[in-house]
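Residue numbering begins at 1 within each chain, and the chains themselves are lettered A, B, C, D and E in the order written.
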Amino acid sequence: MVKNILIAIGLPLLAFGIGISFMGFKRKIGARIQRRYGPPFHQPLLDIIKLLSKKSDISHGIIYDLGPMIALGASILTIFFIPIPGLKLLTGSADVIALLYIMVIGSLGMGLGAGESANPNSSIGIARALTLMFGYDLPFVIVIISVLLKYHTTNLYAITQAQAGGHWAMWVLPLSAIVGFIVIYGAMGEHPFDVVTAPHEVATGPMAEYGGKHLGLLFIDHAFHVYIELALFVDLFMGGASNIGWFYVKMFVLFLIIVFFDEVLPRFRIDDAVRFYWRWPTIIALTSLIIVLIGG
Amino acid sequence: MIRKITYTIFLSIIVATLILFFVAFPFGKNKMGVGKYYLNNDIKQTGAANVVTAVTLDYRGLDTLGEVTVLFAAAAGVSILFYLIDQDKKKRERQVYPNFIVRVGSRIIFPFILLFGSYIFIHGHLTPGGGFQGGSIIASGFLLLYLAYPGERVNRKKLAVTEGLAGLTFVVFGAIGIFTGAHSFLFNFFPKGTLNMLFSAGILPILYIAIGFKVGSEFAGIIDDMMCQTVCGGEK
Amino acid sequence: MNMSLMVLLLTPFTGGILSYLGGKIHRSVRYTFAILFSSLTLVELFFYYNKPVNHFVLGKMFGSVMILQINPISWLFAFIVTTISLLAIIFSVNDMEGRGGLDFYYFELMVVEGAMLGITLAGDLLTFFLFWEIMSWTSYLLIIQGGNKSIKAGYKYIIMSIIGANSMLIAIAMIYGKIHTLVFRNVAMLLAASPHGFDIAIFVLFAIGFFVEAAVMPLHTWVSDAYSEAPSSVSSVLSGVLEKIGAYGLFVLLYALFGVSLLGKLMPLRFPSPTIMYTIGWFAGISIVVSTFLAILQEDAKKLLAYSSISQIGYVVLGISIGTSLGVAGGLFHALNHAIFKSLLFFTIGAVIYRTGTRNLSELGGLIKKMPVTFTGTLFGIIALAGVPPLNGFVSKWMIYEALLQKKEVFLLILALIGSTGSFLYVYRLIHSTFLGQLPEKFKDVKEVPFLMQIPIWLLSLGTIVFGIWPGLAMNVIARGEKFFGITPIKYNLYGFPGGNGMGSLKMINISSVFIAGLIVAYIIFALGAKTHRISQYDNYAAGQVVTKDTKYNYSYGFYMFFGRVVNPVFKWSADKIYLAWARSANVFGDYMRRIYTGNLETYSSYIVVIISLVGFLILLGGKIW
Amino acid sequence: MIFYVGAFILIAVGLYAIIIKKNLVKIIIGLDLISSGTNLLIVSIGYVKGGTAPIFSHPGILPQMMVDPVPQALTLTAIVIGASELALAAAFVAILYKHYGTLDIRKVRGLKW
Amino acid sequence: MVNLTNPILLIAVPLFFVFLAAVIAPFSKRATKYLPPVAFLINLIITLYLIPQVAEKGVIVATTAGIKPPFAINIAVDGLGLSLAIIASLLGLIASLYNLKYITEEPQDKFNMLFLLLGTGITWMVITGDMFNLFVAFEVTSISAFGLVGFLRDKDSIEAGFKYLVMGSIGASLLLIGVVMLYAATGTLNMADIAEKIARFSFRQKLLPYSFIFTGLGIEGALFPLNAWLPDAHPAAPSSVSSILSGIMTTAAIYAIIRATVTVFNYSAITPFILLIALLTLVFGETSAFFQKDIKRMLAYSTIGQTGFFFFAFSLGSVQGMQGAFMQILNHSLSKAMLFLIAGAMITQVHSRNIDDFSGIGKKMKISSVFFAIGAFSLMGLPPFFGFWSKLTIIFATLAYTNFYTITLVVILLFMSVIEGAYFFRVMQSMFFGKLKEGTEIKEASPGLVVPFVILGIVILTLAIYPTPIIAVSKKIAVQLIHRAVYINAVLGGL
């Protein structure tokens, strides 16, 4: 019981910590790639504290307030279904397919809040976000299905366990892993799929009207989000980890590669992004799926 | 031309098949079925010397009723078609009458025609002829009068009443049969009399007289309608 | 007690007649009767909750008995029928106010309810078909209540529905010709006893009938017009119930008449499930994805919902067609859920139309401030519709996904998952363009709908939560029904599914409680921050410009236009256009055909001659007659 | 046999007239030809070679010597019916002439399809 | 004791009234119009009296001239004949009641006589037991119909009447030739007698007389392609006449064909051929009806289609097929007659026969429109109306043996029923939901017109609510018809 309570309190903190550290890394690494010095490593944390402690804040209505809260609540919900080393967490209550939809709650809350703000930039941003999601979802579900079929289970923890001892899904299903990797770009909104928040076009999109503690909540949410995407990929394709340290290392390596590409790529137009996802990643993912189907 | 040839071919096929059919029943061969029964039992059952009349009025009396009805319907149809909304137009304009001989001659002949017609239908059960033939002859008398006097008209009311009463006679005499012992329409309930006498064959002469009147008046009516149409209503 | 099945069936009909007559006295009498009798039907139905009746003979026709029966599955569908109809009646009290011919409208509504109830209660094909036909033409009369445009929509509907009913009729006649009985149980027994190639034709013909009513993809073309042009409460009945009746028909066809084993025998097994069922699954899958795409691109709220209905019914059909216990349960459960959330959405959109008079999405916006109850209802509706936990739509969809995965029907699974993702797009569009964003000046004085119209919204919102968190409630009925049809039900408990046998586990209460906990954490963080103050909707970031009242500072027209650029090339041709082209060519052909009545006497008489001479020719060909 | 053939040819000619001829009067003449042909056919069917009229005009005539009386009776009826039809047809033609001012059937085509 | 139950009274009574009308007419034209209702009412009562007898004996035979059947004309009433006689009397009664108000044209006396004669002829056709008598009855019917079609004397009706007359006369002649051929072959004219004697002939030998009789009756019975006069003639007549023509007259001719095929010729081998004709009739009728702009013309084409439909059912040759045919005949007669009466009532208000002009009158002429819908629904075979059961029976009968042939037939059949639904729904849509034309003053037709068709509508509704006894009776009738020996024995051996 005590352990459960500890997990319930500790897991969000852990996830937040990991997420915020990666946010810091990103800014730092990105700056170095562009030959800048960059902000301090803990700058994201400072930002969040600053935003939360702002003295005045505006609101467009209840849903405007509720949107970031739903987003954050959903992210907290989600982390309990992604096993970390040594812990099953709540994976028995929702399997991978359920997880796919649990992850959506956050975007929905975000979208509602952004919509309420009555700013066309936000609306366009959300429309783009949803379309992009539709775009990368097709290869993503194919990838997920091939993994599930490969391991004959839908339980994420069981999948992680099955990969124990270096039999990573990445090596077993290389094509799926590649597609999964491409999908993460879209899911995290990194280049070349950052059309959602593109500041020059739609003034950071959904967040255009947000400020103060609302934006603070969204920053926290973003930290969780980074953690979720990376942890999910690690659990699915990189066999989880035996301890938290390894887990962190794996996530970091993955993140490093993502950031490298992110910083050098230009931006897709939204319909081109969808077309892209529905072309090569889908074909590769389908190939992988058929291989799984035939190979058993 | 192609049409004509085509249809000629079609029609000759029909004729050919008909001929082929009737090869089995050659002309003059005795094909009698019920006919034989009629010939054998006519005297006993109807008492009419003319078997054709017996068949027409007795054995197949319902046909004759139908025939009369058809004629009646046709007459009604003709008068519907020639009906003029404007009643004044029915008044005949004076026209050039035919010459004297026709006028006088027709007046002289007319009673004889009537007499002859009546003779034919009254003796229908004895000699060839009957109600229809007699009625037609009477109607031809009326036609003659019309030709001679285009401006005059028959009294249609009286014609209509005659027509109706004659029909009623037929139906009523037929229906009486139902209420007699035989429970049969057109049952010949009158005494049969002696063969070849005028008062013989039960109700047959009565029916024929009724038919004679009816046919005569109906044809007269049709002639009247047509005459009226051509003489007074023709141009519109 | 046995007689009361007849009473149950007659209650809505009686109510219809009484409310029609009552309406002549006063409108309140009409409403009283309509609501009273439809609630009475619901109450009577609950007497049968756990009490199947197998055999209640209505009469004898063509040497086959006409019977009524009730089993758990038909109870489930009867429950959907009566509930949604009752709510629709309540909703239309205010919604239809001021229109002409209301007595007739209520009469029709209740007759449709009765006919659909009759379909669910039917124990033989004749009764089934009888009520089916009554349902089709009475629902046609309901559709055309919506004004001028609806007449055209109704015409399309009735033609398609007659075609569907007729193909069903052929199938019934074929069954009758084969085995001379029409009672479900005997039919199942005798069909299984002697499988024959024509059974496939019977199946296909039945399926056409059900596809039309359930609006599965190639036969869906009536839906978008009919749903959008009919009055809102009628749309909710159509979408919530009528489609379900089509799904019920499919269920009866697959499990009561044919059975999976017979279907497997009829066509050699090559696919994960019997070929026929797999084909149906593909039809369902295609209608899920294609109509999702179409829904995304709609500008009209009710059309959007109509296409969404096609897509959602695809899930129901897909679930039923899988053939496993889990799939069937998922399909049936989704039928219930779809009835709940889609009716809810039609009611809320109906409420919006009632207040604003438009259903054009780009004209609406910002109504959340004016109609909070309606917004809440819509929110629940769209979350359920999109299949997002913790509401009910998620559970049933999840079951269908699991069933597909279990059977390794992966391509269908992809279609199903993609359809669900696509539905986020259009549901967001729906709620955003109506309730969020800028409130147009002309809707400044819009008020919340009257209380009577809120009742259905409240109740159905509650339904989405209840069946979402406690799926076991519905699974009770479904499991008993599966047992009734000889399918071993899956393991379930009140909160979800323990899983096993290749199926994942699900515990809805955990998901929802953790979510609430997360929300509380987020709220605490939020509450710790500074107080917020409300600002006007025009006080907005506009890149330095000033937004005034006459500015339309809203993004709602062509919401997914960029997405349209991706998919539009595919949708250049549609089933509707193909049908229209067929109809046109048939029209031209018919026009030529009737030229045989030329009006010329000589032609007419020549027909006679030709006919006889043809006969003569035949005779002459033989050479002789005698 | 020639009576039969004659009757058939009358019928055929009547049909031919109806189909080919354009004049309304000729068409009703065609009708009349058909009915005449039919009557001729009926009467000739009833003929028995060497038979006399079926009238017992004097005792010497026995039923065996007579021709079939039934076709004669039928003919009587058929003639009247034919005549009635003809009268009606003539009336129709007269009114048609009044409406159209012509007897050409090709002009009388108000109703079609 | 007056023997009310002699079926010959069905002919005698109306004829009595016809001739009575001729006597009365010169004195009072108005009085004549009260005679047809009385006559038809008496006929209806007589037919109802006959029901128990027919139910008991199967076939009741009445002689004429007190001579046994083969030698004199006889009247033989079996189930099918009696049912049609009941329908004819009922429709006659209702249409003549309708006439009281409807007919304002002159000459009314002649009209009433012909109208009565039309009903009489139809009754005569369905109860007679003699081939030549059938021809006479046929002529009574058609000659009165010719006159009635031309009754309005405008361009259309005269043209239609003339076409009808020429076609009808050819048909009558063909029928006569066929009958005469039968006489030449068998030496008798009685149907039962012919049936017995013709049994020794082969299929080929029977073909020619059969085809003549078939063609002759087929012209009146609206069979393709002999039915071209019908769409002209039926609409041209006054509506009450159209209702009789469409409702029962074509049916009576079909009855005669059925009688000839089943009882006289026992010609089951011909069924594929007549099935083809029935199907073509159906297809062409319904297709053409779909394109009509004129409501009465549309209904007339629909009659052709319906005729094809029940003739199709008959040509299946099975008991169930006959049953379906009979049920459809009943349904079609009542519904189509009512539709024509309603169309007539509407035309008196709208002063046009164009369907477009009917738009929106449902709001003004509520009763008429609602009953129109009832009739149309029944005709289309939508439940719970009686047409549903007949359609079902016919489909079941067709698919009694499932193969590609029967399935194709049923598909065609049902496709045609879709077309029928399409045009009826189109009319009803424009009636109920169309826009009323500006400046037209339309109100409900006078009660004199409404009451008759409402009576008919009530009959239809009664059938809808309580179809079971009629279905049972129709089965009996079908069985009786198929077992032709019953009929033959009753006529030849009876008395």
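Here is the rule we use: a residue touches a chain if its C-beta (ideal position, glycine included) is under 8 Å from a C-beta of that chain, and two chains touch if they have at least 3 such contacts.
In this text, all values refer to a predicted model and were calculated from it rather than measured experimentally.
Trainee: Show me the overlap between the contact partners of chain B and those of chain E.
Mentor: Chains in contact with chain B as well as chain E: C, D.
Trainee: Check B-D against D-E and say which one is joined by more contacting C-beta pairs.
Mentor: Here the pair linked by more C-beta pairs in contact is B-D.
Trainee: Using C-alpha centres only, name the chain that sits farthest from chain E.
Mentor: Ranked by distance of C-alpha centres from chain E, the top chain is A.
Trainee: Farthest chain from chain B, going by the mean of C-alpha atoms per chain?
Mentor: Centroid comparison gives A as the farthest chain from chain B.
Trainee: How far is the middle of chain C from the middle of chain E, if each middle is the mean of its Cα atoms, in Å?
Mentor: 44
Trainee: Return the distance between the CA-based centres of chain C and chain D, expressed in whole Å.
Mentor: Computed value for the inter-centroid distance: 68 Å.
Trainee: Using mean CA coordinates as chain centres, what's the chain A-chain E distance in Å?
Mentor: That pair's centroid distance is 78 Å.
Trainee: Between chain A and chain B, tell me the centre distance in angstrom, where each centre is the average of that chain's C-alpha atoms.
Mentor: Measuring from centre to centre gives 107 Å for this pair.
Trainee: By residue number and range, which residues of chain C touch two or more other chains?
Mentor: Touching at least two other chains: 594, 597-599, 601, 605-606, 608-609, 612, 615-616, 619, 625-626.
Trainee: Listing for chain D: what residues touch at least two other chains?
Mentor: In chain D, 11, 15, 18-20, 27, 45, 70, 74, 77, 81, 84-85, 88, 92, 95, 108-111, 113 touch at least two other chains.
Trainee: Name the residues of chain E that each touch 2 or more other chains.
Mentor: Those would be 132, 136, 139, 143, 146-147, 150, 153, 158, 162-163, 166, 170, 177, 183-184, 189, 208, 231-232, 288, 291.
Trainee: Which chains are in touch, pair by pair?
Mentor: Chains touch in the following pairs: A-C, B-C, B-D, B-E, C-D, C-E, D-E.
Trainee: Please name which positions on chain D make contact with chain C in the complex.
Mentor: Those residues of chain D that touch chain C are 15, 18-20, 27, 105, 108-113.
Trainee: Mind pulling up the chain A residues that touch chain C in the complex?
Mentor: Against chain C, the touching part of chain A is residues 8, 12, 52-61, 63, 65, 68-77, 80, 90, 92-98, 100-102, 104-105, 107-108, 111-112, 115-121, 123-124, 126-128, 130-131, 133-134, 137-138, 141-142, 145, 148-149, 152-155, 203, 208-209, 212-214, 216-217, 220, 269-271, 274-275, 278, 289, 293.
Trainee: Give the list of chain C residues in touch with chain E in this complex.
Mentor: It comes out as residues 59, 61-62, 126, 129-131, 133-134, 137, 140, 144, 148, 151, 154-155, 158-159, 162-163, 166-167, 169-170, 173-174, 176-178, 198, 201, 590-591, 593-594, 596-599, 601, 603-605, 607-608, 611-612, 615-616, 618-619, 622, 625-626.
Trainee: In the complex of these two chains, what residues of chain B are touching chain E?
Mentor: 17-18, 21-22, 24-25, 31-35, 37-38, 41, 45, 58-63, 65-67, 69-70, 72-74, 76-81, 83, 85, 156-158, 160-161, 163-168, 170-172, 174-175, 177-179, 182-188
Trainee: Mind listing the chain D positions that touch chain B in their complex?
Mentor: 1-5, 8-9, 11-12, 15-16, 19-20, 44-49, 53-57, 63-64, 66, 68-70, 72-74, 76-77, 79-81, 83-85, 87-88, 90-92, 94-95, 98
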